[in-house]
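Next, two complexes with chain A in common: one pairs it with chain B, the other with chain C.
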Partner chain A sequence: MDFQFLIELTINGALTGLMYSLVALGIVLIYKSSGVPNLAQGAMVMLAAYIVWIFAGLLGTPILVAVFMALVGMFLFGMFTERFLLRKMVGQPIIMVVMLTLGLESLLRGIGPGLLGAAPKSLDLGLDMMPIIIGDVFINREYLVGGLIGAAMVGLSLLFFRTRLGTKLRAVSDNHISSWSVGISVERAVAISWGLAGISAVAAGAMWGSVQGVDWTLTALLFPAVAVVILGGLDSIYGVLIAGLIVGILGSVIPGYVDPLVGGGTRDVVTSLIILLTIMFRPHGIFGREDIERV
Partner chain B sequence: MFYRLSGIHHTRYESARALWPVTADRRIILGLLLLALAAPFLLSDLYLTSYMLPWLIWTAAALSLTLLMGIAGQLHFGFAAVMAIGAYTSIHLTRAGVPFELALLGAGLMAALIGCLFGAAALRVKGLYLVMATLAMQYLVEWTIINVPAISGGAQATLSTPDVTFLFVPLQSDGALYYTALLWTVVVTLLIMNIKRSSFGRALVAVRDKDFAASVIGVNPLKYKLLAFFASSFLGGVTGAVLAFCYYQAVTPEQFGFNVSIQLVAMVLVGGLGSVIGAYLGAGFVLLLPIVLTNLLAFVAQFDLIPISFNLLSHIPLMVYGALIIGVILFEPLGLAKIYDNIRKYFLVWPFRHTQS
Partner chain C sequence: MKRLLKGLAGVAGAVALAVGGTASADKEPIKFALLQDFTAVYTFVTSEYNQGQQDYLRLINETGGVEWHPIETIIRDTANEPQRGLEAYNRARREGAVLVDFFSTPVSRAAVNRVLRDEVVMITALHGRGDASHGETFPFVFPMMATYWSQATLLADYIDRHQGGLANKRIALVHIDSPFGREPLPVLQELAQQKGFQLRSFGYPSPGTEQSATWSDVRRYRPDHVIIWGAGGGQQVSVREAIRNGIRPENILSVVWLSETDARNVGGNHMNGVKRFEAVAFGQEPAVIQDILTHVIEPGLGAGPAANVGSSYYNIGVATMAVAVEAARLAIGEFGAPLTGDKLRRGFEMIEGFDARGLMPPVTITATDHQGGGYGRVSQWNGQTWEPLTHWTNAFQDIVWYEIEKDARGFRDGR
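The block that comes next holds the complex of A and B.
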């Protein structure tokens, strides 16, 4: 067994996993506050990447300005989505909510590439393309930056939940009716969590857009992100970090050894199996809160 | 105006429980059936094979899914995989020399067996987690089909259907294909309508509404959930085989991908969960509206009034389809079947406003 190959796969897998966490963070933020599984998060990541590209690639503004504009745009987009789409869904069965977000996903997937052209666009964040070499191990520099940003975003959200606003959000995630009764505006809290999901989509969109180009394939990040969210627990921010690492490492090491034997595509199989096994053995994930159903 | 209930007094339970208790309804259904039978003589070949035929087959698929999602309340986001199993099984069976009629049965049984594996997840979890589990299984089935050459004939391969005869009629002419699809859709429709009024259907509805409450009144939820998955997957598998033989005639794994699963759920939801007429309307809408709108825009683009690029045009179906789902869910969560019902009730007593039922 080639030990160095294993290390390389593990490190790069862990970094990819942290970048999955960036996408997954948005889903968890929304689910935590409102119980809505946002299956449009992949499309939001794509939209954010397109906005960054419009400013940085098309208009030629500095990358920081582009990211800032995207942050503002996606925050507003998240709030508007909540206000005009999801708020009307309160009390509807889960299938309606799931399909609404999937409908939004397909709408965005049509609008983005439809208006801006379907060909992949390269997004240059000004990062050095040379891999970092430690010993004999190659580490992709973009993945490293992305992984660090992922870890930082998760850390920031953890800190955010300790602020005054964050405490309100935690109260809302606990129970809507009791939050209302102590004077917290649940609607605003949910809208803010959608805005925050938009912001995390910008981070994910910029990093993934720079790694694999900006086009509709960014929406496919939804699938590993869902695996991360299910494994970590739908309402746990710690879970995103840990599960991101697990999904990333397994999704890199196993295909690394098995792909040559079966002819590719094992990464999706690993992701599917993670989802399935988690749901069969521990549906609420590693850190998630168990739902108790009462008659 | 269209009050068709006058003079109808049911004096026996049998007549009240009939599939169509109202004479006018029976006449309408008979008329529609005659129209459907006459379609090959009324429509051009293009309309018959590229609109009517897929519409009928997808309706059968939507009906099979609505049995599971609408009546039994089990969410299923991997139904395209079930249909793929049916399609591939039937092709391999007919290639091995099995008669087509038996191959259809085999396709249904195979899909039902593997569909019950999907159902195993339903015994453990429900709601959102069931969505995720079936979604993961869709990927697994897809991957297995692609990566096992014995099933798909290689990664990029298309598998063409052999020439078969169905009930002594060779399935070659457009008419034979159309009548086969029509027959299957009518069978599925009658089956679902009868399930809805039988004790089996009522047990499924009880499980849908509250599974532990159902178990309190003596309906075993585990058994009925599995039965629902079995029945629905059986129908889905045969529909997949009919789709492969009557419409595609050469199957690739992409024709049964994740997007198709979502499309099927959209048909059921746009039409109205658990409604038979909704499956017809939903399949028609989801299938045809994007095509119609694209054609319309292409027509407008000819005059150069608004610049519409080819790229935009090719993404219109996706947008329309997304907007359609969002619109229906926001404005009429009960789907097109409810809209149809509202219109019908409005005209029931037309010059006046209010109806009793």
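The block that comes next holds the complex of A and C.
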């Protein structure tokens, strides 16, 4: 066995997985506070990348200013989404809320390219394209930076949930009625969680936009992100980190060895199997909370 | 605003735009239906391609139409969905369209039996089924430019003639894992046997946004040349990963879907030296593009941003309509008005050595050969523009036609 090949697949897979975690983090943040699986997170990543591109690519501002503007814009977008879309769905069946997020995804996917043109846009974060080479192992520099940012974002999220505001969000995620009864504004807490999901979308959008360009295909990141949240647990931030690594490594190593035998294309099969097997054998994921309801 | 409308699924489907002009109003208009994917998979190319088509038809109308018949376009969004495409096709046919261009492989494949039955001409330039080149099996379908098989053989021929020969070389085909991505495999496998080179294919999952594991494997194969076969954002990811894995840009060759936009997105001068198959000339120099600038763009009649004029995909759109208008002109001249689908078909089959005044290779379409000869050339990105490296040529058409006939036979047998 070529161990250097295995090491390279593992390292780049792990870094890719951490970049998936950036997308998945937004889904978990929203689910933790409101119980809504947000299927528009991929489109939010695309939207965030477009905003960064508008400032950095179109208006020529420094990349840090562009990212800052996108952070503000996406935080507000998340807050407004909760205020004007989600809040109106209080009391509706959860499936309708999920459908609403799916509709939002479709709308954003149409609006972004419709307004700004469908051709992929270049997003240059100033990262050197050449890999870091250790022995015969090539490590993708963009993925390394993206992976580190992914790990840092997960760490910051864990710290955030230890703050006063974070504690309120945890209370809201535990029980809306109890939170209301002790004076916590559930609506505000949920809106903040949507805003935070917008912020994580900026990190994901900037990194993935740098890797592949900015266009509608960024929305396709929803698929591996869903695998990450299902495996890690819909309400677990730790889960995002660990599951991101697992999804990324398996999605790199298995195709690396199996693709040459079957002609390619097994990565999506691996991702699908992760989703199916997790739902069948551990529906709440590795770190997700298993709620047992009295009937 | 029009762009926004196109972006909103469900809204764009209702857009029907008639290209007006100065052609004589008392002559019956000729209707071309451009039912394309403005909102889903082909968005990376459709807006420029369609803009080129509209601008060329505007040019024709501004300069007298086709034998004084104005051309009207019916433009609707299909979102790359066969059902929506067929629905739009039915409406367009009722409205009198004699030509349809879906610019989508799934939609045009779904529509093949319908257009054959209805006797409506369907053009499938650079998409659709390669075996539609077989005119006797597909009398109303016209690929009219090099099929993917012809593109693959021409790229291989370039390596053979200009990059040290094919014998004993290692060629990697890195492709999106879809029927489109796998299409060149049979002709390259046949060539590998004939020319004595090693061929290995490496598929990556659609849409090609993440290819790192694939390219780690490619690097270990140590290929002498890499042929990349994808479209849209996946292409620039392929180029970046190739370069990152130590493959020299000069040894990367691409299917037709690699554009100056991809070069900009790869960034810097990293893509300098990368080669591609070119079906239509790039830039604003060709005479027909100059005419569009003079008669359409400068008076403010263009269908989109002036910056797109002369881009790779814009010029392909212009070329498709140039061939279609030439076919209509020949058909009306020979068979008279009103133009029907069948007359237009025969007009296409009368085209001989037509190159749209230097925009494209000379195309000759016959009742047997609807591909038009399978011509193209290899061009190279030099940091500023696509520089042609060869003349218009074709290669290994015997191998290409073996595939065309084999698949056409399968279609006739209901396979």
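Keep this in mind: the second predicted complex is superposed on the first by the 295 of 295 C-alpha atoms of A that agree within 3 Å, B and C clash if a C-alpha of one lies under 4 Å from a C-alpha of the other, contacts with A are read in each partner's own complex, and residues count from 1 in each chain.
As a working rule, contacts are C-beta pairs under 8 Å (C-beta built on N, C-alpha and C of every residue); 3 or more make two chains touch, one makes a residue touch a chain.
Owing to the predicted nature of the structure, the values given are computational and were not obtained by experimental measurement.
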| item | value |
| --- | --- |
| First (chain B), second (chain C), both or neither touched by A:G110 | both |
| Partner chain(s) touched by A:A118 [first = chain B, second = chain C, both, neither] | both |
| First (chain B), second (chain C), both or neither touched by A:D259 | second |
| Partner chain in contact with A:I286 - chain B first, chain C second, else both or neither | neither |
| First, second, both or neither for A:I184, with chain B first and chain C second | neither |
| Touching partner for A:L9 - first (chain B), second (chain C), both, neither | second |
| First (chain B), second (chain C), both or neither touched by A:V90 | neither |
| Partner chain(s) touched by A:T217 [first = chain B, second = chain C, both, neither] | second |
| Partner chain(s) touched by A:R267 [first = chain B, second = chain C, both, neither] | second |
| Chain A residues contacted in one complex by chain B, in the other by chain C | 106-107, 110-111, 113-115, 117-118, 263-265, 268 |
| In the complex, chain A residues that touch chain B | 37, 85, 88-89, 92, 94-96, 98-100, 102-111, 113-115, 117-118, 223, 226, 230, 234, 262-265, 268-269, 271-273, 275-276, 279-280, 283, 293, 295 |
| Chain C residues touching chain A - in the complex, by the definition given at the top | 3-9, 38-39, 43-44, 46-48, 175, 177, 182, 200-205, 207-210, 212-214, 216-217, 219-220, 232-234, 236-237, 240, 243-246, 261-262, 264-265, 267-268, 270 |
| Chain A partner contacts - residues on chain B that touch it in the complex | 69, 75, 121, 124-125, 127-129, 131-133, 135-137, 139-140, 143, 146-147, 155, 210, 212-213, 262, 265-266, 269, 273, 311-312, 314-326, 329-330, 333 |
| Chain A residues touching chain C - in the complex, by the definition given at the top | 2, 5, 8-9, 12-13, 16, 106-107, 110-115, 117-122, 124, 129-131, 138, 140, 143, 208, 211-213, 215-218, 220-221, 251-253, 255-256, 259-260, 263-265, 267-268 |
